[in-house]
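Each structure below appears as structure tokens.
Both complexes below contain chain A, partnered by chain B and then by chain C.
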Partner chain A sequence: MLDVVRQILLRDLRLAFRRWSEMATPLIFFVIIASLFPLAASPDEAQLRSTGAAVIWMSALLSSLLALDGLFRADSEDGSMEQLILGPAPLGLVVFAKIVAHWAVSGVPLLVLAPLAALSFYLPLTALPELIAALALATPTLSVLAAIGAALTVSLRAGGTIIGLLILPLTGPVLIFGTRATELAALGEPVAGPLYLLASVAVLAVSLGPPITAAAVRTALE
Partner chain B sequence: MNAVPMRSRLWRAFHQLGSPPYVYRLAGRLAPWLGVASCVLLAVGAFWGLVLAPPDYLQGNSFRIIYIHVPSAYLSMGGYVLMAVAAGIGYIWRMKLAHGVAVCVAPLGAWFTALALVTGGIWGKPTWGTYWEWGDARLMFELLLLFLYIGYMVLRMSFDEREKADRVSALLAVVGVVNVPIIHYSVEWWTTLHQGPTLIREGGPSITMDMLIPLLIMLAGFSLFFGWLLCKRLQGEILRRERRTRWVQNLAVEAAA
Partner chain C sequence: MTSLEVRRGGIGLLRDLSFKLSPGQTALVTGANGSGKSSLLRVIAGLAVPAAGRIDWRGSAVHRLPPEDRGEIAYLGHLDGLKQEFTVDENLEFCRSFWKGREPVEPLVAEMRLESYRHRNIRRLSAGQRRRVALVCMRLKPARLWLLDEPLTNLDTRGTEVVIEWLKGHAAEGGIAVVSTHRPKRLETAASIEVAL
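This part shows the complex of A and B:
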């Protein structure tokens, strides 16, 4: 069982690193959005500090949306997704492994990039561990939602454009608790509350997401 | 001795609900009753609520919009749950009619969601001093509910095959259900502008009888109105789905004769 997860994970990671430009695009997108924002708002230090958390979280959300189109599309176009569906391994586990791989190449780099962006928005250094913790708890949920959206639209030719419409309304709780944790951390207040809530949302998403995604992939390709 | 025929009768009723001509006729027979009853209830409730009920000691007459706002907000969430349950039944038991119900509920639910948002804004202006408050969780999640309805409809439209649209969009409807409890409890979890629950709360409703009775009448009237529209839409949806079958063609011949 776990061998299946390991194999799929390694395969997807290898594919991602071979097509590194696809992997890097959402991250560069994240950096660009975060750096364009002060141009649109105002570069004033006080204002940047107050909007910084929101900008970082919105950029993370948008860049995680950008990363997801390839999650099942390439595999379903070359037929390997059908093989995985027909294969003996439970599809839920296969999908779980693919979500983990997606998270590793889109969520984990954000944990490194976001603190840099946060510093440029004058977020205090002491708030960085909390920001990283909040992102570490939030990005798995975002990856699961991305997987659901990618699976629902995998058989559509122009799937990428409507994924946002399907998935963004569901990201509300993550956004609320994530920005709340970051703002509290910036003020030096305890952040355990929103972090626990983010963790519980992540547990819910990671446990219920793979079977739903598997059902969606199976339905879309049947 | 009695249990076996009872059970088989239930089974028959269940199977009949999967039969398009039966449901078409059932909806056709229910619709006029629902229509008349909802019109009577809405007229009585509106007159009682808007004229007879006393003004609120704090909000004066502006509170009277609850007779529109609360029923539409309740139907926006109830409609979503109905849509998701119907879509789930359709997905699990491959019941095409259940998908048909979900399809019919979606635009109705979306309209009631929009109505709840608009009436909430109109009520918010004299009461809170603003039409819209971005910081209020219930407002936000109600708006997200509207987006979920729209997403469901857009996802359906982007498939060419009806069966695939049915099955894929059903999964989205089921996933979106997580939003409904969030909306219901949002006023308890985040206390900002929107007031707490009035009807479904510990210790019973926090509203005087003179205001409560017309509200309940309006709730019933709105629900029956929803049911009426649903019956009419369902009839249309069944005809559209079954247009190539013999019974629909016979129906068309009869109507033309």
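This part shows the complex of A and C:
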């Protein structure tokens, strides 16, 4: 069982690095939005600090939208998805591995880039560990939501644009708890509350997401 | 041991179609374009659910087969199922390890004359060469039931001969195959039953 997860994970990671431009686009997009915002707003330190958390989280959400169309599309267009559905492993496990791979190339780099963006919003250095922790708990949920959206729209031609409409409303809890944690951290307050909530949302998403996604993929390719 | 019965309403492609295959038999599914050959194979593979009727593989409904038994069925549709970014070898290696195949790769690669392309990306192969890789990939699955949808598409004479030999060998070992084609002439030496749609 675990062997299948490892095989799919390695395969998807290798594919992602072969198509590195697809992988890099959302990350560069994130950096650009986060650095254009201070130019558009007034460069006032107090104001940037108060909007910083919101901007970083919104940029993270939007950039994760860019990364998700390829999650199942390439595999279903070249016929690999049919083979994976018929394979000797439960499709839920295969989907789980694909989500982990997606998170590794779209979520993990955000953990590195977000603190850099935070500096341009005068977020205190002491708040960075909490920001990274909040993103580490939030990005798996975003990857699972991305997978559900990608699976539901895989058979549509212009699926990429519809996914945003499907997925963005569902990211509400992640956005609320994530920005709250970051704001509290910036003020030097304890952040355990919103982090626990982010963690519980992540547990819910990671446990229920793969079977739901698997069912959606199966239906889409029928 | 295998009783196969398909009734499919819905768009009304196939209706009241029943047949049964025993070990060692190869069925040739023939019919015009759009007559439902591919749909039939997808239903047998378990990718789609029939509107009515049932398909049994060794006594249990095919789309409810537990994952560990699904390895007994190898399906090759008109899409090759290969990753463009990977080389021939990388694709075959994934096939083998995902399906836990035991068949050695080398002889199959040699038979399909793919030796000199092994390190080339699928993207840089011709359609016929890709089909050859896809067929080798299919062979790497330890399957007893082969479902081949137009396996000869883009293949040259030599490739066609290899596929016919494989089908004969598979039947001789007690395997079952369902092959769809709109040009039955080329495959009829390997077939024991013809299902005309």
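Note that the second predicted complex is superposed on the first by the 222 of 222 C-alpha atoms of A that agree within 3 Å, B and C clash if a C-alpha of one lies under 4 Å from a C-alpha of the other, contacts with A are read in each partner's own complex, and residues count from 1 in each chain.
Operating definition for what follows: a contact is a pair of C-beta atoms (placed from the backbone, for glycine too) under 8 Å apart; a residue touches a chain by one contact, two chains touch by 3 or more.
Because the structure is predicted, anything quoted here is derived from the model rather than measured.
Novice: May I ask you to decide whether A:Pro43 touches chain B, chain C, both, or neither, giving the answer as first, second, both or neither?
Specialist: A:Pro43 contacts neither chain B nor chain C.
Novice: Pick out the shared contact residues on chain A: the ones touching chain B in one complex and chain C in the other.
Specialist: No residue of chain A touches both chain B and chain C.
Novice: Which bits of chain A are touching chain B when the two form their complex?
Specialist: Going through chain A, the ones touching chain B are 148, 152-153, 155-156, 158, 162, 165-166, 168-170, 172-173, 176, 204, 212, 215-216, 219-220.
Novice: Mind listing the chain A positions that touch chain C in their complex?
Specialist: 4, 7-8, 11, 14-15, 18-19, 77-80, 82-83, 85-90, 221-222
Novice: For chain B, which residues count as touching chain A in their complex?
Specialist: The touching residues are 91, 137, 140-141, 144-145, 147-148, 150-151, 154-155, 158-159, 164, 167-168, 171-172, 174-176, 178-179, 182.
Novice: So in the complex, which bits of chain C are touching chain A?
Specialist: Answer in residue numbers: 45-49, 67-68, 70-71, 73, 75, 77-86, 90, 94, 97-100.
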